[in-house]
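As structure tokens, here come the structures.
Consider the two complexes below, in which subunit A is the common component and subunit B and subunit C are the respective partners.
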Partner chain A sequence: MTSSQTTDPNVTGIGTSRQRPDAVAKARGEFEYATDLLEKDMLWGATRRSPHPYARIKKVNLNRAKEMPGVHAVLGAWDVPDNRFGAINNDQPVLVDDYARYVGEPIAIVAAEDPELARRAANAIEIEYEPLVPIIDPLDALAKGKIHRHVKYSFGDPTVVGEIQVEGEYFTARQDHSFMAPDAGMARPDGHGGVEIIGATQWVHADRFQIAASLGLPEEKVLVVNSGVGGAFGGRVSMTWQIHGALLAMHTNRPVKFLYSRKEAFHARYHRHPSRIWIRHHATKEGKLLKVEAKVLYEGGPYSHTSAAGIGNGCTLIQGPYNIPNADIEGWAVATNNGMCGPLRGFGVLQGVFACESNLDKLARKLNMDPAKLRAVNAIKRGDQWIFRQIQDRPTPVQEIIEKCSAMPLPPDLPSDEGKIHPVHLPGGIASPTGKKYIKRGIGFTSAVKNVCLSEGAPVNATAMITLRDGAAVIECAAAEVGQGFVTIACQIVQTVLGISEVRIERVDTSMPAAATTDGSQQTVTSGTAVQVAAQTLKERFLKFVAREHNLDVNTLDMKDNFVIDKTGKKFTSIAEAGMGLIFRATEKFSQRNTRPIDDMESNDPVHVTLGFSANRCVVDVDTELGLVKVVQMDVVQDVGRVVNPVQAHGQIEGGAVQGMGLGLMEHLKAEDGHLLNPDWRGYHIPTIVDAPTINSEFVSYPEPGYHFGWKGIAELPHVQAPASVLAALRNATGLELPMAPATPEYVANVLDDNEAMAMNVASGDKKRGPWKVPPPPPQTGPWVSDA
Partner chain B sequence: MIIQSPFLAVVESINEALDTKQKRPSSRFISGGTEVIADQNLGLLEPEGYISLRRIKELHTIEPKSDGLYIGAGVVVAQLLDDKAMAQVILLKKAARAFGTRQVRNRATVGGNIASGLPDRTLLPCLLALEATVHLQSAKGKRSLPIKDFLIEPGKTAISKDEILTGTTVPYVKGFQEYYMVGPRNAQFFVTACLALVVDEANKNVRLGLGNAGPTAMRAKEAEEYANNAIDWKKQTVDETIAIKFGEIAAENCSPVSDAAASAAYRRHAIKVMSKRILLRAFERKQ
Partner chain C sequence: MSTDERIDYTLKINGKPYKVENAFYSENLLHVLRYRLGLTGTKYGCEHGQCGACTVHIDGKAVCSCMELAACAVGCEITTIEGYNNQDGTLNRLQESFVKHAALQCGYCTPGFIMSAAKFIEENPNCTEDQVREGMDGNLCRCTGYNRIIEAIKEAAEVRK
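Let's look at the complex of A and B:
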């Protein structure tokens, strides 16, 4: 048995590129996505949604749907035991009762024999609405006091004035996660009065908590299983069909499957908060930053969800990875009726970094300074204090990253012989009207910071259990695998700690103790650390047994290459045999350090657990007359602490960079009068491999203190940074200000007409410059935000 | 209530298709289904059923004839790229390369593209510039009409409910042919705006077809007229001012829409710039 195991330490453990267990199945199309789930006797769920951005529900009549043969349940708001839920605050109805507050908000649900029947039954429900005037402009929402969270703080001396001042107003659009597998899953009765929810999620335990509460059940009666994830990117933090499925399964006593169409998913999902940020940097003539001022406005949906955390991230990390001694920051997450907003890779930080980096571009131009140099001069260092009163107490290789990135080789110019250029390498691609003489090359440089782990007082911890038997280990840890690679990382950690090659990780469900949410780039550093600590404990237990059994000094023993070895490295006996068929087990919990809310002036805890840094140099070819763009190359250098799996680490950088480039160039979910204009892939475009640039990624690795293996979260930074980097390169090529991501061809070509208002409508019409006036919030009038 | 799923009749001849259509008038013809199925999934149409034309062999031919190249309605776009005979109508070959993705090209038919009648379809401006003829057939008989008379308004064509589009005849034209498009991303997708230029050397004229520049694909008649007079046909040259003017006239006389992909102003601008560049290109190659 042992002979089949690999004993070469170079092919297992930390630092190797272990392949994902589902890699082959996915490549061959054999992987079972949640969309594929089937069960005997299952029913199909369908959802009736609001066609109005804001309306009073006058009457809901379910009877016509109930009477249809083959329909097993039709449920409305009054069928929900506790009809208020939410990721943080319970301010959101499971099914609309009094007011519908966005287009696509669920009002009633149906379970029927087949999907078509379920859809028709949902349509047969009679609903009377009294349409009301929605709030579609975030400035309007601000003026009316529809505010989820208001952040205001200053640092140093906020009255300081710099010799050089540069200001601007910047916008980012509503971005969709556009993961491949739409919302889908199965809810089934467990036969004991409880319910099981099987589908894609980023945090089984948070889902269980919300589902159980809505159903009026104890958590023990709900089992949530993470299964068949086809992409997440923050989107599966927000529940969509899960509570509905659970209700229908309980009512019908049958399994119920939900499968959203792409268009339905676009309406049901919680998108990236559109942003509008005014920012002013003060600097010396030499380019030393003195102060940053900002007004940060994030458009949240009508319900609070995670908007408070998003605006907190934005209002702190708008600083960028720079040392700035003075600051004056104010921000709001406001409620509009344009649809829900929630986490998306780089949550809340992307928008702030975009504004910061765009304005620093302006500063560099004004000072006539190289943009990389400007950033290097101001790079934050270990021991510096952030504007949110946190000491940067961990390795801070920002300057090194910037310098390393700007020293990477640039791509060659387009060949002079036009015939040699394949059109996919040109702006516009195949059949593009472009040609070498129409193309200008631009180079942009940015650096960025992203918090690793949830911040501002959110507890971040994970528990892991490891079992060792016959030289092979099994890990149980409820950290959701959503494609980021925890399933390989966790196994590699155990391989390294226990010196064994055969390690497997179990499917994730809520019968396990809770792990951290797959969010904030935190899974390796949190659940990974829990796995490492548990493996360490297990190792001690195992070696103690071996020492006692063989009458040896435990301090002379170690585990390596599937063997128990002594100090000299001599193999004593195989781990499989030394265990004598017994089961060894350890369970450990790991907690990240405590954090505090920004405005908690008493505590000296940090606001963010830790911070990651990167730099990105982007090279674009632009047909400036037509606004067509080819992103030629992105060179990324990132601070990664320690690389656990190189292929996956590069993969995260590449995927993140391309997804961020999507927001930089084309991804814009538009809304008009509260209605989404392009809620499908015909109208909402994401980059494909043809659009992807060459991406060169390099790492700098300084072990992060507090973690045995010194790792750091990496997955969001490349996405956070890419839009700013692409736009910087486009500004360099075109000379335009380009204050908005995405820069679609009409912006890059600077051809705008009355349609501009709509395009700018991240969703706002008013384009007044400068820090906008904020009237005091009027007393809460009307039932606009429920309960609160 | 029992729900009827839409029926699917797979027919093997044009006559059988027409017969079935007469019996089930509210059914719909389906060829590649790349448009129909997408629309059905979006809830835009709920036909009683489909009559699949894919097995009708006579619709699959590409055949050089005396009056031009005959292309059957069932020919898929991938065939336009591969078939040897297509060398005689280089424009369609070029446009086919810019059409959808490989998967779509393998399924999408020429007939489906023409019958959709939508302004953003790749082949329509090309067929307009080539002055192609489309062939229709019903139980009552056959008729042929120029493609310009076939396109009426967005999604509405001269085809009547009981007619099948059987194919198109594309005249051979000697001279430069090119297709340009701009889209929302570099990977192939629906066009934001596109155009096709044909230079008819024998008759000394240029023909410019525009896509997504108005309610239907259209010819840029005014611009063509200007160019036909302004071009020095003897020397076979066009100077830049002529090309610029050509683009401006084309842009002035089109009427694109604003939508989530682009504003009308951008589309007009793209038509202007692409027209200018394509005319310069047509005549620069002569030197």
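Let's look at the complex of A and C:
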């Protein structure tokens, strides 16, 4: 596919790179984000948090804080009408009442006239703790039965043994979302006994449901408004300050603003599940895959959050985009006290794909086979069965993607004259101590699969309402815009269906019917489809009206270029005039096909709504002494269905690939004894403009059945496979196994030095090699409540 | 000075005087701009000098406003994105280039990038990609992967013949 690589405010409709509707405001700094909200008479909120990973709360005394001048409210757990909430299960306290189970867990909240006063008052709260021994090692959690979910299934003949077998144990670290705008927002009383929450979220309706429940209010008394969202990447699926803000606003009858510091955001929010996966592939001598076996261990936080869905994703898509006739899979999401874990772009799948791809690298080496060829030979095809008992019933261009990606041009070598190399191209970047003679180039190749939409029985649907008046349309659809560009494509869809150019989308709040959550790459295919269906219904209504008014046959009419046209394309009258000043409106709901939990053996529904595929070839330069790495280039080919906005699609791939490269090379949120060691951007590094490689992305585009325009969700795949690809390239350059992401310089250097103790220094966990022994899981899963 | 001390002072921002009253001496310029003066175009990202979202110009230099004590900026010429913007609501060449190249998604890093890049291209007309990477290293973006930001800055830095 060729596509213009720049945007244009004047192009309209599906397939064009229309400029984002918010681009001008954003470039001028006038777009309002949740952090920017200010209000007359507002108070500032602050949160007192647990300094212990696990402790019994013996006493909380708010009085000293309450007496401070300028302090308007100080609240503890007993002030919360229903003190349990959660992303899926209500198992998490709004404010700690009995036990604090991670460092940073909120215990009490304050509203004061000034942010500094609020902080000081929060510090003045007296809390007595009885520190308890935390669980910090996921293997320990497993042995103790602290299990959120246990998955076990097999496929085909699990006793099959291949001529060739390779196995390994692979690890991925705790990754932070590090979106640019920290958690913030405003809660204000609505003057009629209810409350309004204006913040940044991926799903206003899920927030409203939980806020109302915790406050003991009917849902209609809570209005959740999405203001500008400064990035999300899965990190705004569950709430942080919102219920606290609502409580304080109700108590003080004043607007209350929350604004987390970066460090507070690191502690208050969840992160990507660290993983430890043992995997064994069986294959023929020719490289045909026969069986996959895996033990998958995800470290979840102390509360269930979304861990069950994450381990489900990992235990299914560890298959990779390959046809494998036999499988034996077992996995656990366990509870530790190292902080909360939850969705991050590529939720649960990234870890499985990392293990799968890393082990296939090993297989390719063992067979002395080109890694791209090994993958192409095993590429899953339409009609094949997934190991989780689902027919691959939609376009499956895996082999094509792999071949296309391998054929993309490679970057030139570093110039042989050292003086000609700009320092930004060196491993280690500007001021790097490296020298050309230490630098080795490596190339890695991976392919990947990701589920599009939430899976395993989660309902996925959206409602959209469109209003047409005087030839211009307004869309109301509660799908959260977090930067991904739904606001652009929703307008493009309506432009195409109604044949008009002027379309606008309203700001999102809970007075609208619910749309899908911005999650699982599902917004285009779900809320986008709802918008398309609503526009289609609106078009039929409008043309029926025009036909009646003018005594015409409705079947001869269409809408194009802002005109009502007849069959021959002749312009009849402008759409603006034909509407005669009246308002035309349509509301439609779209639901994705049903899915079933992995272990539901009765239903024949699929586990995943649909699946997307991609390939990534990564080129790195490595300083083989110091372990410094420069990712030179990433070439990505992705199955994207029908593209709505090519530049936005490329943008998703580029951004996702660099974020994934972050986990491949540097992003490692470390925990020691339950305390985060590097909870800010001084210690937790995300890729900079120097680190970012050149990214070339190309599309493979087959219309996806089930959607009128054949689109497909794309946003997560580039992130999912980048860590595996970076590591594959590093292995190629160094000849080392490197089983862990990220491959930080210290890690690579230590492996190079054969320093095994350092080499396996994963955040939590020991050096035991899998498959490890585990006791049978207890009948009761879910977060534990200590019996201490 | 003690951390409790509150003071009044006047800052010169975008050519106009702004009175700051009863502020803690310890407040940084970013906080004062955003929450005392309502100039929220300058963004709050980390408050420890790592992300560049808070970039403003002080006496013609691009600096992280979170790293400056507001009370120490008295007497300086401070320019924020609000003052840098074309006052008729249009985009200037650099901003237009960002929009055209889709160098923004969530856009939260954008005002900081614009303020840094404005100084950078002033000093590096006709810059190369390598120079952009080196010179713009103080600004983080989590959404775009930077490729389009580099394109945008390079194009804006081209000196028209």
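Keep this in mind: the second predicted complex is superposed on the first by the 752 of 788 C-alpha atoms of A that agree within 3 Å, B and C clash if a C-alpha of one lies under 4 Å from a C-alpha of the other, contacts with A are read in each partner's own complex, and residues count from 1 in each chain.
By our rule, a residue touches a chain if its C-beta (ideal position, glycine included) is under 8 Å from a C-beta of that chain, and two chains touch if they have at least 3 such contacts.
Just so you know, these numbers come straight off a predicted model, no measurement behind them.
Look at A:S154: by the touch rule set out above, it reaches neither subunit B nor subunit C. Legend: residue contacts after superposition of the two complexes on their common chain; A:V24 is shown touching subunit C, with no touch to subunit B. When the two complexes are overlaid on their common chain A, residue A:M68 makes contact with subunit B while staying clear of subunit C.
In the superposed model, A:L752 makes contact with subunit B only, not with subunit C.
In the superposed pair of complexes, A:E116 makes contact with subunit B and with subunit C alike. Contact with both subunit B and subunit C is seen for A:I430 once the two complexes are overlaid on the shared chain. Contacts of A:S591 after superposition on the shared chain: neither subunit B nor subunit C is touched. In the superposed pair of complexes, A:N461 makes contact with neither subunit B nor subunit C. Of the two partner chains placed by the overlay, only subunit B lies in contact with A:M666; subunit C stays clear of it. Put simply, more of the residues of subunit A are touched by C, taking subunit B and subunit C as the two choices.
Residues 116, 261, 424, 430, 680, 682, 687-690 of subunit A lie in contact with subunit B in one complex and with subunit C in the other.
Interface of subunit A with subunit C (complex): residues 5-8, 17, 19-20, 22-24, 26-33, 35-36, 38, 115-116, 177-182, 228-233, 259, 261-262, 422-425, 430, 482-485, 647-648, 650-651, 654-659, 680-682, 686-690, 692, 694-695.
Residues of subunit A that touch subunit B in their complex: 68-70, 114, 116-117, 120, 261, 263, 424, 427-433, 435, 438, 625-630, 665-666, 668, 670, 677-678, 680, 682-685, 687-691, 744-746, 749, 751-756, 758-759.
Interface residues of subunit C facing subunit A in the complex, by the touch rule stated above, are 24, 26-27, 31, 34-35, 38, 40-48, 50-51, 53, 80-82, 85, 89, 91, 95-96, 98-102, 104-111, 114, 130, 132-134, 136-137, 139-150. Subunit B contributes residues 1-3, 5, 38, 41-42, 94-95, 97-98, 179-190, 192, 194, 258-266, 269-270, 273-274, 277-278 to its touches with subunit A in the complex.
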